[in-house]
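This structure is in structure tokens; I'll ask about it shortly.
For clarity, chains are labelled A, B and C in written order, and residue numbers in each chain start from 1.
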Amino acid sequence: MRAAIEAARSGLDVAVVSKIYPVRSHSVAAQGGINAALKAADSWEAHMFDTVKGSDYLGDQDAIEVMCREAPSDILELERMGAVFSRDSEGNIAQRPFGGAGYPRTCYLADRTGHGMLHVMYEQLVKHGVFIYDEWHVLRLIVEDGSARGVIALELDTGKLHRLHSKSVVIATGGYGRVYRTTTNALSSTGDGMGLALDAGVPLMDMEFVQFHPTVLPRTGILMTEGARGEGGFLVNSKGERFMEKYAPKVKELASRDVVSRAEQTEIEEGRGVDGCVLLDLRHLGAEKIKTRLSQIRGLAIDFAGVDPVTTPVPVKPGSHYSMGGIAVDKDCQTAVPGLFAAGESACVSVHGANRLGGNSLLETIVFGRRAGVSAAEYCKATEAKPFPDSALREACHSVAMILKRDAGESIFALKSAMNDAMEDFCGIFRNKERLAKGYGKIRELQERYKKAALGDRSDYFNNELLHYLELGQMLDISECILLGAMNREESRGSHFRTDFPKRDDVNWLRHTLVHKEGGEFRLGYRDVSVTKFKPEERKY
Amino acid sequence: MGTGLKYAYYPGCVSQHMTKETNETTRKVAAKLGIELHDMPKASCCGAGLLTDYDYPLYLAINARIFAEAEAMGMDILTICSTCLMVMSTANRDLKADPKLLAETNEVLAKSGLKYSGKVNVKQLLWVLAADYGLENLKKQVVKPLSWLKAAPFYGCHSLRPSDALGFDDPEKPWSLDAAIEALGAEPVQYRGKTKCCGFQVDIVAEKTAEKMTGKRLLEGKERGANCFVTPCPFCHINLDNYQGLAEKALDTKIGMPVFHFSQLVGLALGMTPQELGLSRHLVSPEKIIR
Amino acid sequence: MKIQFRIRRYNPNDRNAPEPYYQAYTVEVALGMTVLEALLKISEEQDSTLSFRKSCRSAICGSCAMTVNGFSRLACNLQVLPEFQKMGGMTIEPLANHRAVKDLVVDMTPFWNKMEKVNPFLMPTEKTASNAVSAEDEELIDQSQKCIMCACCNAECNALEIDERFVAPAALAKAWRFVGDVREGHGVKRLERLSEEHGMWDCVRCVHCTQYCPKGVAPLKQIERLRSAAMKAGILDNPGAKHVEAMAESVEKFGRLDEAAMTFKTLGFLKSLGKIPLGIRMELHGKMPHPYIVPQIEGIEEVREIYREAAAREKEKKKE
């Protein structure tokens, strides 16, 4: 949406195509905030250093520099558009400390930063008259003779397929959290754009890096924010032990996300879990404190888990949270295909490297969303419109008709469930050669079964099942990319933890992983990491 | 026969004037049941929701002045108008929840030597009978069970919402009026519109909307077999009864539905005559369903 | 515990059953399960043709609003067991006041159109753009900023049920978000447009919007704020504002509501004449309110003192 606004501002005819209405996109759920060095005592260099270090030195420093330099002006631009960031007592934009940051530089809109920003984007789309094809799901990116020509999309309301002919296309479809069973991501976070790009001949980068959040409700995957631990909540195992005393004797529950996630997973795998979870115990804080300081968390536990933390410990477990990897782009958001751009979580610039810092994801969407809009607009102005291939729509119609026609096949829900199990069990927090190989075998098998799956719903109008079938196809490809990257990367870095290679290995692995898809086959490649200001050193907090 | 129940009585403007039969009936019913109603000679209009639109601090102060009078009497307020109930309860909620707001409002009241310390509760007749007095006790007082009446309970908006200010009945599954109708020997009729709006607030501002809304509610009850409507609110009563003719015209259909204010239904079961209940003042005559 | 879900099905595409009907599904419900989880379970295990919207499953994206046991709710934050125990059943239907497209999916186009009609974006002027927003300024628009555009309020709106042209609560709450913003430069123009027919004065104050908003937006409160702002901006030449003005005058004068004067002042002389046929019928039943025979309450001076004080404070606020 940020890209669309920027392109519309330069006078182009712009449309947003989205399988859900734009205000439903999952950025809406981001609570924490957005980083920018606004104060004199802070600097973009300091922000850059924190980000580089947080990325475990896999982030591209040229791109990170762009992001950190441009952050302050983008925050002010958001305010000009209408956002109202929370204020401090002097009326300036308030900033709070966040994990991994050396200075309190996270701006926020109460506890609904993403929601506030996303709705401002919607407002600006309306203001600039950007046409919204809402509930249109993109089936194909059309690339001909090496350049983008537009997309083919399915109108969910009616089941009709349409061709949308354009000079350029920007992908901003978010992450793929739903390949895992336990995830904080929306049901619609199925990584569609990454799959589309892969099919269009664009490689995905660093897909093995998946961030896990340590306190997620089982089943629903609702996030219990770090505030619960910040206020003094304990994590206990089935024996009632505060197990973090063992893993991080000093900071205990307040250790970084990856450390807590790994500790929880160890407890669960060694048989000290409770129904596959550990317990977040707040009872000792007392009803008063829970009701006043943690009222939101209490509300979530009651609404979504049916448990009142005043009287009962809340079951939690680690869940997939963020995709550091994505469509390989440069710092101008350009992919390998002219006219095709990508930004946000669906892209990999890379600014997050092996691990993302809190407050940097919203920032990435805004800075690189704007840059993608500029790049796309420049490209459009410098390029003549090229024809949309005649056969593309016919082929797409045919393939959808074939899916709907298929009789007697497996249920897509069973396949999705099997995929979730494979990824959770074999490509989760702890990885090793054996597990990953099993997971890879499973996904390959599911790829074959997918081709024969059949739908129960054959109707045209709002066919949810067809949408989920298409999403599943993308997710299987993405799973395969994650597994390939994870199997190949024989080191531990950031979120990627190999029990058989527990150390970081800068000699062999200070490089990005690329996965290409050619003729239905996946192929690995590499790209160098941009190292400018900060030489890699051990990441210690 | 004393029950020990006593209230600062706030009938509301409409019940003292346009639908004065409801006020008169309520006084008689209360006397029969041994509930003391103490007049509030100083009480002003609550603003009927309109003062809220005019100026919020003014609305709070006007209502706080009413509460101050009841507080001085040492009683809770009893009203027979749902809109008064909602308007006063909402002001009361805001004043009780925010000490700063209460203090600011008291500064305004202090100019006239008044003070409200946040101790009053606001109730309506229906709640008082359903809870304070008790429906079992009410049942014992019934001399003429209304077994032939199929009464559509019309709660109206302001005795149910906003529930965080009213805090009595359940807005999705209200029970008080249904249970009271049963206690009086009649049969409560279930229909979709029972928790919805009569349209009163826009009678003058958007009359077509109001007329169609009134008609729709009445028809929803009629289709489910109701032979009368019962409402705890005089505003709902005006729309459902007085303006039923307009509703019929707007929807081009005949409705012919008699409407009772809750106090009148109680009075009927306690053996009061149609004259005592002021039924001749209704525009849709309930004659044919009075036995 | 096994619970039966009664779900309204509709598929105009289905030649065998093109009309809406109810279908029952039995679901094994575990402690803590939400309505959305149950629906997902039905579609994954029993009937993949069931269509409904969903995304974030944490009550922030606004996708999954639907009618549960007669009232508009988000499926994702509603626990099945307490709801079932309270209502004695589990009936699920598409949102009211909106056309169903298929099953629980409704056409949201009118919702977005209404939203777009109020110009849902900040329109600062050169002068207002740089106005600093204080924490108190933010507080005024805080509730309206919480909106997730789920349409629960519009689905519950009793005025919209009758008049589909009514601007309805969601767009009104959004309008306040800008009118109430100190950086907005066209507040008065917005208020003038909102004062037109089918605008903010057509709200029937049924309080459904505020009761059923899952995010605490309190749309009715924002409507009240818009109306107050319009009156303070002197936009009085419409029935809604006149009605309120007449009320305020009546209370100041008598301490009571003067029904006859209110009709007269709201509609003016000519339109009030139109009420005469009804008036005669009402008169016959002793129901015609007679103007200016309303007795004053005791202590009317106290009421007038409150008016004076409120006016003085308002004036002071304007100076600031």
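Just a few scattered comments:
Definition applied: a residue touches a chain if its C-beta (ideal position, glycine included) is under 8 Å from a C-beta of that chain, and two chains touch if they have at least 3 such contacts.
If you're wondering where the values come from, they're calculated on a predicted model, not measured in any experiment.
The most distant chain from chain A, with centres taken as the mean of CA atoms, is B.
Nearest to the common centre of all protein CA atoms is the CA centroid of chain C.
Chain B has its Cα centroid 54 Å from the Cα centroid of chain A. Chain A and chain C have centres, each the mean of its CA atoms, that are 35 Å apart.
Separation between the centroids of chain B and chain C, computed from CA atoms only, is 22 Å. In chain C, no position touches at least two other chains. If you check the complex, the residues on chain A that touch chain C are 20-21, 23-26, 28-29, 80-82, 84, 86-87, 89, 91, 109-110, 112, 115-116, 119, 122-124, 126-127, 134, 157, 186-188, 219-223, 300, 302-307, 411-413, 455-457, 459-465. Remark: chain C residues 69-71, 86-87, 158-159, 161-163, 166, 197, 201-208, 210-211, 224, 227-228, 231, 239-240, 243-245, 247-248, 250-251, 255-257, 259, 262-263, 266-267, 278, 281-282, 285-287, 289, 294, 297-303, 305-307, 309-310, 313-314 touch chain B in the complex. Residue ranges on chain B touching chain C, taken from their complex, read 13-14, 16-19, 41-45, 47-58, 61-62, 65, 86, 108-109, 111-112, 114, 157-158, 160-163, 170-173, 192, 196-197, 199-202, 204-206, 208-210, 212-213, 216, 242-243, 245-246, 280-283.
Taken together, the chain C residues at the contact with chain A in this complex read 11-14, 31-34, 37, 43-45, 47-63, 76-79, 81, 101-103, 105, 107-108, 112, 115-116, 119-122, 129, 132-135, 138, 141-142, 145-149, 178, 181, 183.
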